[in-house]
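Before I ask anything, here is the structure I am working with.
Note that the chains are named A, B, C, D, E and F in the order they appear, and that numbering of residues resets to 1 at the start of each chain.
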Amino acid sequence: MQELVQYVNGEFVPDSEAKVSVWDRALSVGDAVFDTERTFGGKVFRLREHLERLYRTLHMVRIDPGMSIDEMQEVTEELARRNDRMREPNGDYSVTQMISRGSVNSVLEPEQATVVIRMRPIPFTSYARYYDEGAHVVIPTTRRDPVQALDARLKTISRMNLVMAEIEAKQVDPDAYPVLLDIDGNLSENIGGNFFVVTNGVVRTAPARNVLAGVSRMTVLELAGDLEIPTAEEPLTPYDAYNADEAFLTTTSYCALPVGKINGNPLQNEPPGPITKQILAAWSERVGMDIVDQAMSHVN
Amino acid sequence: MQELVQYVNGEFVPDSEAKVSVWDRALSVGDAVFDTERTFGGKVFRLREHLERLYRTLHMVRIDPGMSIDEMQEVTEELARRNDRMREPNGDYSVTQMISRGSVNSVLEPEQATVVIRMRPIPFTSYARYYDEGAHVVIPTTRRDPVQALDARLKTISRMNLVMAEIEAKQVDPDAYPVLLDIDGNLSENIGGNFFVVTNGVVRTAPARNVLAGVSRMTVLELAGDLEIPTAEEPLTPYDAYNADEAFLTTTSYCALPVGKINGNPLQNEPPGPITKQILAAWSERVGMDIVDQAMSHVN
Amino acid sequence: MQELVQYVNGEFVPDSEAKVSVWDRALSVGDAVFDTERTFGGKVFRLREHLERLYRTLHMVRIDPGMSIDEMQEVTEELARRNDRMREPNGDYSVTQMISRGSVNSVLEPEQATVVIRMRPIPFTSYARYYDEGAHVVIPTTRRDPVQALDARLKTISRMNLVMAEIEAKQVDPDAYPVLLDIDGNLSENIGGNFFVVTNGVVRTAPARNVLAGVSRMTVLELAGDLEIPTAEEPLTPYDAYNADEAFLTTTSYCALPVGKINGNPLQNEPPGPITKQILAAWSERVGMDIVDQAMSHVN
Amino acid sequence: MQELVQYVNGEFVPDSEAKVSVWDRALSVGDAVFDTERTFGGKVFRLREHLERLYRTLHMVRIDPGMSIDEMQEVTEELARRNDRMREPNGDYSVTQMISRGSVNSVLEPEQATVVIRMRPIPFTSYARYYDEGAHVVIPTTRRDPVQALDARLKTISRMNLVMAEIEAKQVDPDAYPVLLDIDGNLSENIGGNFFVVTNGVVRTAPARNVLAGVSRMTVLELAGDLEIPTAEEPLTPYDAYNADEAFLTTTSYCALPVGKINGNPLQNEPPGPITKQILAAWSERVGMDIVDQAMSHVN
Amino acid sequence: MQELVQYVNGEFVPDSEAKVSVWDRALSVGDAVFDTERTFGGKVFRLREHLERLYRTLHMVRIDPGMSIDEMQEVTEELARRNDRMREPNGDYSVTQMISRGSVNSVLEPEQATVVIRMRPIPFTSYARYYDEGAHVVIPTTRRDPVQALDARLKTISRMNLVMAEIEAKQVDPDAYPVLLDIDGNLSENIGGNFFVVTNGVVRTAPARNVLAGVSRMTVLELAGDLEIPTAEEPLTPYDAYNADEAFLTTTSYCALPVGKINGNPLQNEPPGPITKQILAAWSERVGMDIVDQAMSHVN
Amino acid sequence: MQELVQYVNGEFVPDSEAKVSVWDRALSVGDAVFDTERTFGGKVFRLREHLERLYRTLHMVRIDPGMSIDEMQEVTEELARRNDRMREPNGDYSVTQMISRGSVNSVLEPEQATVVIRMRPIPFTSYARYYDEGAHVVIPTTRRDPVQALDARLKTISRMNLVMAEIEAKQVDPDAYPVLLDIDGNLSENIGGNFFVVTNGVVRTAPARNVLAGVSRMTVLELAGDLEIPTAEEPLTPYDAYNADEAFLTTTSYCALPVGKINGNPLQNEPPGPITKQILAAWSERVGMDIVDQAMSHVN
């Protein structure tokens, strides 16, 4: 099988040659930011919005990528084109831009950012069955970094806080997804994305202050608006999760993944709940393909 | 000039070939830990203690490096040997072990940790003059990650929190070193190491709960003990820094760096203060070379 | 005088025989939940909503009452019927369901929940005069349990936190009602219920996140809606209480009790304020009897 | 088998008749306090110290038990005598004094405290095997009530906070014991008692500010002193637990129970660790019987 | 040049004689409150609203000024009339009411409040150039007093917290204006007033809970309403400031001052941004004079 | 009766002429610091230590008093001499240095600090009876300013936070003294000074981090050392106050004032407790006069 192509510092290279120096600041102090999109039928979804968020993060952490947002978009699209012919039947890609402050090898100040754009097939099999069964959400002990230490809206690679939460959840149940509490005890997010509950017909999620303002999160709020389902961005606590009628996780790859249990306790409705289904259906319509069917088609 | 040798996943390679795949979890989610030592006259100082701390961190983040602590020590010492002939006159190296959870390229669970050991000459010129002038410490707005989100005693590469603090300090004064407050407003540490004040003859520093329990920090406490200088590990606030008689920063490379100003305000004593000098002298004696002279010798 | 009947674990028993074993987990570790309603003219008000809240609490604390919500409703109504003939003229009852995790006497895991339903005449004389004079609210030092320790929306019997606040308030003034601050310094609630202020014509109360989402609280918000009085659920501080035009407390028995003083300071309007009166009048209309007159009729 | 005798409000009654009115404030608002001792060979251990702590709690929550501490001691000892002839071979009892503010049945202020003293055989089989295997400690998400809401040193029955933590831990592993974090992320205690780690030969536990100052905790510190093992009362975090050489739990019944795993991670030493064994041996010597052997003798 | 007239405890006196005893509680413990207005063309703007806020503060701190709000208004207006003939061409005044709890000289309880009303020309030259260049906002380390210590809505003279923040900001850049974070890391206010950002066309500022509910702040929200510009009162973090399209500061004297940089980082739009300009234009229209032109006319 | 003399900005003036301009920054924004001593038999006690603390505060708030510490001492002693002949029989003075950043009248930056030194007879009658009866301590709701907003060790005049606490306490009991909790719920201090408890023979007080490191506090710790009474500086909570054997307040004027009640609850020992008496006796010996007798001699 042919290798995918990746983009590293101005060049398109085969996957096996896509590497970064051990002196890169990404590897020494996590001094890098990123954003991730997915393709639908080979086309990158909401690329511009992802890149705008990426550039807001770059602006605040004061990394100059050495490329305009238009150039970043072009290179990303070019990379997608190059890999499209290797796309599996009914397959799709995730795409990540990663920009670090550069190398410190010279024992000088970094002079030039490192820019990596990498693609890989979406691992449908790792989550497809949860569309039916519902995922298991576990609330770990580890708390989300507070804004005053590192703003959750900065999408940096310094994510060990979120990794530790994931390890904790998977120890309870190898299939579990964590949803971290923030430092005041409110539900926030996890390494992959956002968390929603449905209570008495209202789609509710944490306010953007404490969580990454995910593009998928925004898509859910837009789709709910279109469907005339009321939404609320407000502080939620474990009580809201335990007593939800439905719940779902959102991320770039699986879009909206139904939740069946919170800390081992089943929710009121069998997953997927009716409103979760409506959201998934509207999303599928928007991207012109059945999101659930695509994932399912990759199982056995 | 000949290239240094680095160790990457079982092999000794030339510096320019020391690279890590863009799919490594270190690069995607900062899922890696490290420790850094320095050589004195080519010999790695307190290597075993650094490795013991590294293995405590590995244990808690649940990364299996695939090597025993003895093997890690051997490989490090072998690498030091290989690079020793390229050591500059009166030069020394910093040495870093970096272990990530491994690659996620396979779209499977990581199977094998990535182990990198890298060395580079200590950048003496970047700090030598502060031994005389005193460094400028700035207390930034960014707060140190709280223990409940990510324990400061875990030496992970997810250090964007500390990078942001450094950017903030350098904006006030390009030569400044930050010392972050913890979430309760106590002085903690910075990306490089620990902070000490001297008040009425007592050498004081933050307790180990909120800061990396630095090996250099421990060395200071030991040397002060030998010198019969009283020490205290207790919560300190900016008031203690402003009104200190002396202050110094500690890290692996510069050992103990005198501080001259806090937020632009001079301390009571001209740097280096008398107790700071005693500590540096005792340290020099312990390692068998004059730490300050070595650094100064690299400045023209 | 004839004894009231109470319900204990499946049986209707005379009040003097309504007892629980000293080995019940309610008595050893406060491991029980409850809800309380009142009757109006003998009829239990909003019973179903109270029971729904009770079952949400049971779900989260993982106690299985061994009875469906319909059964709980039936038994409650049967108990109310049995006691109705002992109801005093113009009298009414408070009704409490209390469900504990059961007995630990067997030195085994509890096998069966303890279910108690108890009724007693509403103690009108203890508060009737405040409808005219206004109650005295005192803000105690004791803070409301934070959500991350015990969610305020769980109506458990572990209420010593609220008892301590009441003792503190009554020491300032034996007639005082406490309103606790939450851990961030916002006004929350007390052992009996919720607290409202009226500022420039707006009826304001703490958001549901930090307080029990009282059924009386909900009734006030509904009635205000009917009366086209604007309402706000938002963080309130002592400043809002001191400078309120009116204020009132809500609970199941007295519904809405006018407040005259905060920490000894009179409010702008003599109690009861005009909007408080409107709320009480609308509530009386809704239940088909004058709430204030009923209470007053029990005072000589 | 003959029934045990219990003490309820001035009378010695058979266990099956030891009951409390459903109107007791213990059952309505958890307004009661308690203390628990155990017997060794039928004799109550450190009874006076437990009662002194009980009376300190009574003093702060302002409950007058209607009995002097001497009377309470006498009644407890009398009860122990009465039940001693029913004591199983090699068996022992736990003994609990529970004092509530009294009944509210009269719709008046409570007039007289409710005093219950209850005994039951120690459930050795529920923990005996952990002396060998080591217990499994899990750190739950639920945080310990902060001092400003309810002081941990008050031993009240309002313990739902601790019950919830226990449920959470047992969901991870039905045999697990929780150790809660306090609101700042430090290790505190659980519903039964205190937690100790052994690090480099030092026996360490949380300071008394945030935890019940357990009599067993005090006994460990005393015994360590006798054994010339250094001790420290200082803030501990999960890092200290993960990287401990040994750890143990303390409570009235099992005294000191070796810990084998923290959140699924084995400790450095196989349980029971050498210092834990020394503590248990010294304790056994102090009470004149082998604590571990007694517990083991009740298994099969 | 003739001296201005000031009001001190019932008398109109020349500026040089306007003094307060060294025994005044304002000078010993900062036990005084104040409010500040400005004139437009000699007429005091929104005087009544400022005085209503002043009297709310007086009510909560329990100082009786010995004058009704009507009397305070009359005296203020009389003072403004007396000083109007000394008003410079195109000049205007700031006016401050300062009320302390009185003198403690008598070693008795204070008997009578001290009432001072003072006026001085607005120092246009100190800020005029920022209307064009944009002001530089710096986020200092010092945090705003939390509500539970001293409510930000109380306008007291105990403002050392805000003075320290100002000193910190001016050390970074002598021309900088601080905007403090509150204790949770949200943007709050500074010694002079409030802070607004404009994001995607929405005018956003901190909610009134944590900041002085400034009259200028209220004016901005009203003017935006008139201009049909959407507004939001919601928690904002440094991320919102860094990534704002525009930002401005509000205070009584300069009304709305465009911001050009945050911590040295330029905003997206050159100052003044289009919405800031609209606000300033509408404000000018409302007061019948061009606010920016007036300030500019005093430069050179 | 002749007027006392005061010192204002370089001049000794009669008390009635000791005034400060209404434009002083002390009066506009509480931008001033101070320290207070007392005389014993006319001689200022520990003046140098008070001035050293004053100059530490000046250093951190960056006010240059325009006088060296020696000059400040000389002027204070000169003032004490001038007022000594007006000293009442058996009377003594309190002495306060107050330094503000200066006037802002000129609409320029302040150029010169304002220096006031003022003296008045100690108001013995206001507290003498508490030496016998014991004072009543009340723990108010208002929390002490946290270090991150304003360091408690800075003795500034911005003390409204402490004034509010005093008002709150005096509303409970006009004779009460407040002792504020810090933001974490620990006992801290009040507007006048520090708080001590005696528990099992140990004299305990809050650590210096959160409270003004009072000179009287230091004197107590020294005297206890001399008397071989063990002392502890550690976090204390209301539990420690309620269950103390003895307690006392310290301040410059009354030195150590016995406490009889906490929140209306009597302590274990009748005031003054035995250790409190020992401290007062040792203090009297140190200053060469009976502190209690002197105060008592001024009561009728």
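One rule holds for everything that comes next: a contact is a pair of C-beta atoms (placed from the backbone, for glycine too) under 8 Å apart; a residue touches a chain by one contact, two chains touch by 3 or more.
Please read all numbers here as calculations on a predicted model, not as lab measurements.
Enquirer: List every chain that touches both chain B and chain F.
Expert: D, E
Enquirer: Pick from A-E, E-F or A-D: which pair repeats the contacts of B-F, with over half of them the same residue pairs?
Expert: Going through A-E, E-F or A-D one by one, only A-E repeats the B-F interface.
Enquirer: Roughly how many whole angstrom separate the Cα centroids of chain C and chain F?
Expert: Chain C and chain F have C-alpha centres separated by 46 Å.
Enquirer: Return the residues of chain B touching two or more other chains; collapse runs of consecutive numbers into ranges.
Expert: Within chain B, residues 62, 141, 143, 146, 148, 154, 181, 184-185, 238 contact more than one other chain.
Enquirer: Which category does the touching pattern between chains fall into here: line, ring, star, complete, or other?
Expert: Here the contact pattern is something else, fitting no line, ring, star or complete shape.
Enquirer: What is the complete set of touching chain pairs?
Expert: Chain-chain contacts present: A-B, A-C, A-D, A-E, B-D, B-E, B-F, C-D, C-E, C-F, D-F, E-F.
Enquirer: Inside the complex, what are the residues of chain D that reach chain C?
Expert: Of all residues in chain D, those touching chain C are 6, 8, 15, 18-23, 26-32, 34, 61-62, 96, 98, 101, 105, 107, 116, 118, 120-121, 123, 126, 141-146, 148-150, 154, 156-164, 167, 183, 191.
Enquirer: Would you pull the chain E residues touching chain B in the complex into a rising list?
Expert: Per the touch definition, chain E meets chain B at residues 139-141, 143, 168, 171-172, 181, 185, 238, 263-264.
Enquirer: Considering only the defined contacts, which chain D positions touch chain B in the complex?
Expert: Result: residues 181, 184-186, 234-235, 237-239, 242-243, 265 of chain D touch chain B.
Enquirer: Can you list the residues on chain A that touch chain E in the complex?
Expert: Touch list, chain A to chain E: 56, 59-60, 62, 146-148, 151, 153-154, 184, 207, 209.
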